[in-house]
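See structure below.
Here the chain labels run A, B and C in written order, and each chain numbers its own residues starting at 1.
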Amino acid sequence: MEIALKELARVVGGEVSGDDSVMIGGVAGIKEARPGDITFLANPRYEKFMDSTQASAVIVSPGTSGRGKPLILSDNPYLSFVKAVEFFVPNKNHYPRVIHPGAVISDSASVGSGVAVGACAVIEDGVRIGDGTVILPGVFVGRDAEIGADCLVYPNATIRDEVKIGNRVIIHGGAVIGSDGFGFAKDGEVYRKIPQIGNVVIEDDVEIGANVTIDRAATGTTYVGKGTKIDNLVQIAHNVVIRENCILVAQVGIGGTTEIGKGATLAGQAGAAGHIKIGDGAVVAAQAGVTKSVPAGTMVSGYPAREHSQAKRIYASFQKLPDLLKRVADLGERLAKIEERLKQ
Amino acid sequence: MEIALKELARVVGGEVSGDDSVMIGGVAGIKEARPGDITFLANPRYEKFMDSTQASAVIVSPGTSGRGKPLILSDNPYLSFVKAVEFFVPNKNHYPRVIHPGAVISDSASVGSGVAVGACAVIEDGVRIGDGTVILPGVFVGRDAEIGADCLVYPNATIRDEVKIGNRVIIHGGAVIGSDGFGFAKDGEVYRKIPQIGNVVIEDDVEIGANVTIDRAATGTTYVGKGTKIDNLVQIAHNVVIRENCILVAQVGIGGTTEIGKGATLAGQAGAAGHIKIGDGAVVAAQAGVTKSVPAGTMVSGYPAREHSQAKRIYASFQKLPDLLKRVADLGERLAKIEERLKQ
Amino acid sequence: MEIALKELARVVGGEVSGDDSVMIGGVAGIKEARPGDITFLANPRYEKFMDSTQASAVIVSPGTSGRGKPLILSDNPYLSFVKAVEFFVPNKNHYPRVIHPGAVISDSASVGSGVAVGACAVIEDGVRIGDGTVILPGVFVGRDAEIGADCLVYPNATIRDEVKIGNRVIIHGGAVIGSDGFGFAKDGEVYRKIPQIGNVVIEDDVEIGANVTIDRAATGTTYVGKGTKIDNLVQIAHNVVIRENCILVAQVGIGGTTEIGKGATLAGQAGAAGHIKIGDGAVVAAQAGVTKSVPAGTMVSGYPAREHSQAKRIYASFQKLPDLLKRVADLGERLAKIEERLKQ
């Protein structure tokens, strides 16, 4: 399928600058694009590829130099590119909606219409699965769990008993949702397990990465709000509450009972202690170690995490430390000489 | 089932303060509890909920103000709460003890009595499984592995060949036990795999979290001692030795051949280098990077990990660094002026 | 099987020092070895075990004191030990090359000769599997994926659609290859998923650890070069390029589009930001946080990662900080006194 750049600009939202009759038949990244493709430029680091890209057109922010290339000017080039991908690339998740004869589904499970269940997936007693949901091979869904409509659960994920999952949720391979929280009471030298009798609730439009772990609550609910996106290998402990539209990048860890406000972002490998609150819209930098609550709208970084501009000054000062030690030793010697002289 | 508070105090260990005839029918966290429930207060942070909780009684430490609520006074409120949960909540792990027809079990495997094996679980040649153990769907147990009695292995866990697991061990979903250690010998530019011919031994009463990885030894044994509890996404390298009753919180990583003494605790995202020893009862703070051995009974934190009170002083001093640099520059200028003046 | 030390020296590459007629029948670590075994000494920390080991001979570097034990002197004792292991220990990966009747293989998949596919493994439409490859139980291989010859895929791994894997690749249990990259465009308050339409290419002789996650590219390819070895629980984001013969130790995380040069090493729990380049042969220390590109051949450590010798000086200076603060305060007071006096 080919479409004139002029038409495509309407689909993706933007205005053409340059030849609006050029025909576009596909999408690709700026380095991989070939003639006939449209690409995009959102990260200024890649501006250097504007000259070398073979793309026939580029989606850019207004004000970007086009080097003679036809452009679509968009206030949100990344979002316009998403719309272009959705236009050109058939949805790869169109799995045939069939129940594989090798799936193992309890008679007491309730499965909606247009549902796919792959080979060797196991759906236990009392499970409810909404219309249009795709459960791929090797997935386990435990007793009385609920999965909404139009979800996509990738292979070998484990969804334990009583977990409740909303609509249009995507769960990647190997994720484990509803495992026991890590709770033990010390009884002399030994640790005695605290039964974890709560559950997990995942709201609509959440995405959960590969090999993520989300523990069930000790009592009550571990909660992930609508639209939150969780990257691979993230750990979410029992009774954590994550509000809507948060971003948790890969390998983040959240301690028990901590609350993450709406629209907050935690970058890769960051950790948050238990029993704290990270405010709405807060940003936690990569590898930061958050030991106390973070006010709404604040960016923090470093260990222990501090307000980011303060942390930046601190971390920048590190490289002056070895020299500082020498200078202070030198000042001490000079001062002692003066004191000696003035004594006389 | 309802029981008078007076009776419940005997079950959970403690003395009643206030009305001992109040009837209790369930347990819940302090925020979720409803009338008829008993809850507990172990973390002082939650004392503020004492007024608002709907619980009919609260388990507390002696000396806690009850705000007029009936109390059970216990020296270990957390442990008493565990006993209350065990009393009121039926064991959720009572899986029916049946071999699912979709399980794949080698003829040469030895399976005890009262064992459950779920659909699509695969039990290979020479495996031995003790009485009362539950193997849930999608679990793999490799050749000649041994699993003791009354264990619970959650879905999609992988237990490789020759791994030995004791009694009452709990293994959560997606955990991999007995994967090859990460060992390579450099042969010119390329890395040549060192066959990992050892095994893994897990003692009684260990709990292993979701998506944990425990590598088999190069030669000999990777060892996890009795009663040790391991949280989600922890990495344990080849030939590591972990003694009894340790706590490894989520995303901890332990380098090869390192030994963790009994009763030690490693908090979330902490890492320990290979070939070191962390002493009995030592505590490693969250995100700490342990680069050398830690004496018994010592708490360490930071990167590189130092004795905790020293590390706290260091990390507290960070915020004075930008100001310190200015002050030293100022001292230098003032000193130079004096030197200049004294020269005259 | 027993062999004289003289013969064994030829097999493993080295020269005998001492009695070359001693018979050797097995291999083991220096602590576990028994009479009749050969062991090795590569790490000087273990030299103390030279006296106590029961091994009948030891592979060492030239110049090591043998304490009267027969030795094989080798320029690369670790590599010689690998050869000894390969000589004495039968290859444990000799899985019978059969297709289990409980495997689920699409009619349109192409499976080579001498291939094993375990029970409950699922091979989807259009998959191609090369000769001699072993796919263990519970593995998922998605549509149109390709796996080369003589690979070994451990249980419950997930290989998604269109992933391309070379020859002699080892993939450990629970690894997920080809999951969607973590890409979202902000559309007002909500995040809109960017379809991830690229793939993953894994070259020959790569090893991928347990529960590793490697995301498919947004567009184009996420790439892992020949001979690279990846430890457990490592995260590789979309469009990352890793060149040949790299080492990524456990729990490392690599941000999107970052490039790792050939022969680079990232130690445990290190993280690299997205859109940077780590040069050929660079070394990133454990837990380091790499925020900008690293030149070839450079070692970096700390957060933010700096050239290692500089970082070492900085981190060593930390312990002098609390004292430094006191000294500077003291200098300030003494200087003020002098200024006061000179004013008079």
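The rule is simple: contacts are C-beta pairs under 8 Å (C-beta built on N, C-alpha and C of every residue); 3 or more make two chains touch, one makes a residue touch a chain.
Predicted model only: the values in this text are computed from it and were never measured.
**Student:** Is the contact between copies subunit B and subunit C built from the same residues on both sides or from different ones, judged by whether over half of the numbers are shared?
**Tutor:** different
**Student:** Superposing the C-alpha atoms of subunit A on subunit B takes a rotation of how many degrees, nearest 5?
**Tutor:** About 120 degrees, rounded to the nearest 5.
**Student:** With chain centres taken as the means of their Cα atoms, state the distance from subunit B to subunit C in Å.
**Tutor:** Those two chain centres are 25 Å apart.
**Student:** Spell out, as numbers or ranges, the residues of subunit B touching 2 or more other chains.
**Tutor:** 120, 138, 156, 174, 211, 233, 251, 269, 303, 318, 321, 324, 328, 331, 335, 338
**Student:** In their shared complex, at which residues does subunit B touch subunit A?
**Tutor:** Those in contact with subunit A are residues 27-29, 31-32, 43, 45, 76, 78-79, 81-82, 85-86, 89, 91-92, 100, 102, 118-120, 136-138, 154-156, 170, 172-174, 205, 207, 209-211, 227, 229, 231-233, 245, 247, 249-251, 263, 268-269, 286-287, 302-303, 315, 318-319, 321-322, 324-325, 328, 331-332, 335, 338-339, 342.
**Student:** Along subunit A, where are the residues that touch subunit B in the complex?
**Tutor:** 104, 120, 122, 138, 140, 142, 156-158, 160-161, 174, 176, 179-180, 182, 184-187, 189-195, 197-198, 211, 213, 215, 217-220, 233, 235, 237, 239, 251, 253, 255, 269, 271, 273, 275, 289, 291, 303-304, 306, 310, 313-314, 317-318, 320-321, 324, 327-328, 331, 334-335, 338, 341
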